[in-house]
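Shared between the two complexes below is subunit A, which pairs with subunit B and subunit C, respectively.
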Partner chain A sequence: MTTPSTASVLMEHEVGLHARPSVKLTKLAKTFDAKIEVAPAADGPWIDAKSIVKVMAVKAPKDTVLHFRAVGADADAAVAALVRLVEADFEDETV
Partner chain B sequence: MTEAARSPRRAAYAGRPASPGLALGPVIVDRKAGPRERVAGSVEDERAALESALAAATASLAELMQSTGGDAAEIIEFQLALAEDDTLSAPAFAEIATGTPAHEAWAGAVDVLVSDYQAAEEEYFRARAADLTDLRDRVLGTLSGVGELDAGLPEGAILLAEDVTPSRFLSLDWTGRGIALTGGSTTSHVAMLARSRGVPMLVAIGAVEAGDGEIALLDAETGRLVVAPDADECSGIAEHMARRNEQAEFDANEARRPAVTAGGEEIAVMINVADPAELDAIDPEICDGIGLARTELMFLGAGGLPDEETQLAAYQRLIAWAGSRPVTVRTLDAGGDKPIPGYTLDGESNSFLGVRGVRLSLAHPDVFRVQVRALLRAAAEGDIRIMIPMVSVPAEMKRVKTIVAEEADRLAGLGVPHRVPPVGIMVEVPSAALALERFDTDFASIGSNDLTQLILGVDRDSEILAPLFDERNEAVKSAIRQLIAVAHDKGRKVGICGQGPSDHPDFAEFLVGLGIDSISLNPDSIIEVTRRIAAIEGG
Partner chain C sequence: MSSRVGIVIVSHSPDVARGTADMVRQMVGGDVPLAWCGGNPEGGLGTSVEKIMGAIDEAWSDSGVAILVDLGGAETNSEMAIEMMPEERQGKTVIVNAPIVEGAVMAATEAWGGGSLDDVRRTAEELAPR
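Presenting the complex of A and B:
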């Protein structure tokens, strides 16, 4: 099995992982083929970053460090793009 | 009121205002689309039925998103993402495979999630349950072949419902109409939409007895729904609404006009800002500057205490927005109800009277000096004014002014551009209000919330004591009267930061009568207060 691409980033969005940030995150994740997971802590729980239902269920508040891991051909690009999205405070830089 | 004028069936209900405004008209009792009879087909038929209903819902949501913008589009986008999420639909398809009809399987799957959300601790997540039921009903409607429920609402109608979904809200014309919810939430997406479109809405009213077509008065300003109101109540409100409507036409222009009393006195109307990002959505033309820029948020960030450059950038952003208008920045007002972990003291037995505001700044001069330097540098680029919170004795202002002078010297020594701007007191402790003449201050800004709480000895956050908390209390007014007179006597300007003038027209009138120079408010209250000032005869 290939080693997953991983990264973590501090989420400073004022309201945390609410509806709008979750929509942006899942939409961006879906643009990649890789299997992508997100977790509110280094040891999980890991959840599907392409599912709005699951991402919302994390209820991650402001100042959570979000961890990403991805497996697949475009895994590196996916993780980098997601980190950028969180760093940009979920402002649009997605297409 | 005379007995004759009293409506025998009159009943008043209290609710929480979710969007301000008034409406008077027939009650339309919301009828939920009952579970339509739907004949289920084979397992394969049912699977196909749900698939096509989901596809139809996705398509209509995408279309709705195209036709709306801003907040509304984002709310619909959330539902669209839910509709496309297999995690939501997979349990429904699994149920269908066991022989359950599509509509039952779908409703069951969504309802599991709805009850999860409803059980959430955070009100935000509870409010999202309404988005899910909205999507649920949209798909159910397609499954049973029902289109949109509403043909439209009669003139002035007040929709009485348990809750209203965002897509339902967006499908109706609400001009002149209102919403009364027995349940609902002030943080729901519908509440946001109602506010942004100026539709009066009251939530959490509880059970209401009213028949279809019965006249009701919705007052989403004081928070009540009156079914079968008295005749003079109706005419009073009709008059009030007529005035509102007349004014509404001029809204855009009015907000841009300076606030001038009927007597000709001009009052600066400014805004309170907690986060520079808020300014993106506000046209600077609607106000005369920033009367209160809070700086606490900047200090709460994950990066710890912000350095001089970070602070300078934040103040520059305020200046860039305000142009030549004044920007009054309050130095860090942490402590009390605004703790900063690791900086403010923990476990103070009475934190509102503890180490907060200027007391905390002077206890940590190293941190305070950084803020002062950033402000002095920003002042070289715009009309910055420095406001000091929680000053209670003259020695504190003396110390502050010394620090400002020392930092100015230091910047001068380094050749860094700077300017010493006016430094004034946020008058909120009675000892400053009652002996202002003893303080070295370049201006005074009344912090009416704290001043009222401290004069009355009433916790401003206590719901139980809320009836006692009133800026219009004679002792509070007397302190304000005195401090304005003292300041003006010394040629100092006096402003006020707080919602008092927007909550109480008579309080605004009182302040204008005393010759207040500026009023600083939350941005959404600007138009209302400008109007109130214009109505004041003055002189």
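Presenting the complex of A and C:
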């Protein structure tokens, strides 16, 4: 069994994981082959980061620590990219 | 990679349709084929089969087109528009049972990621009241 790549990051975006940040996070996740999950707490619930409906339903507020875990060939890169997106306050215009 | 699924927005109100399309453009970006229509030929509230067919043409993709509608007539006129299209396109055009604004954003996000027509429809319909 493969050990997942994991990371957590404090989300400081003013409105939290609302519509636009959710779309950006999902779009970025979809650019990787790895299975990627996101959770608003260390013990879950874990949500498919490529599902826009599920990500938006998390409704994580500002100052939530988002947790990521990914399995697959590009899992490390995926987790790193998602953390960067959150750190950049979802301002990354590449997605 | 095959082309992305196209999204068509059909509302009784041109303002609602245009506004919904603006939201999709601003939130998801310009990489998904997108078209909208709204209003009857006289300029009032309503929908027109002809305009819907034009919008489907505009957003056409070999991967298919998903149509988001608001109320009753938008759905029946969209069904009629599909029936009047060439047969090879009919099987690649679906009406999505989801709230028009939220559904359009969700559908476009899934389409952006390369989802199939069925993926796009199912994603938007996860929102639909059961």
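Quick note on the criterion: the second predicted complex is superposed on the first by the 93 of 95 C-alpha atoms of A that agree within 3 Å, B and C clash if a C-alpha of one lies under 4 Å from a C-alpha of the other, contacts with A are read in each partner's own complex, and residues count from 1 in each chain.
Methods note: a residue touches a chain if its C-beta (ideal position, glycine included) is under 8 Å from a C-beta of that chain, and two chains touch if they have at least 3 such contacts.
Predicted model, so just to flag it, every value in this text is computed and none were measured.
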{"item": "Combined model on subunit A: subunit C and subunit B, fit or clash", "value": "clash"}
{"item": "Subunit B versus subunit C as contact partner of A:K59, first or second or both or neither", "value": "first"}
{"item": "Partner chain(s) touched by A:S51 [first = subunit B, second = subunit C, both, neither]", "value": "both"}
{"item": "Touched partner set for A:A77, first subunit B, second subunit C, both or neither", "value": "neither"}
{"item": "Which superposed partner A:L10 touches (first subunit B, second subunit C, both, neither)", "value": "first"}
{"item": "Dominant toucher of subunit A (residue count), subunit B or subunit C", "value": "B"}
{"item": "Contacts of A:R20 with subunit B and subunit C, given as first, second, both or neither", "value": "both"}
{"item": "Stretch of subunit B, among 19-27, 109-117 or 415-423, that runs into subunit C once the two complexes are superposed", "value": "109-117"}
{"item": "Interface residues of subunit A shared between complexes with subunit B and subunit C", "value": "19-20, 23, 26-27, 51-54, 56"}
{"item": "Footprint of subunit B on subunit A - complex, ascending", "value": "10, 12, 14-15, 18-20, 22-23, 26-27, 48, 51-54, 56-57, 59, 63"}
{"item": "Of all residues in subunit C, those that touch subunit A in their complex", "value": "26-28, 105-106, 109-110, 112-114, 123, 126-127"}
{"item": "Subunit A residues within the subunit C interface of the complex", "value": "19-20, 23, 26-27, 30-31, 50-54, 56"}
{"item": "Footprint of subunit A on subunit B - complex, ascending", "value": "74-75, 77-78, 81-82, 85-88, 113, 116, 120, 122, 124-125, 128, 131, 275, 301-302"}
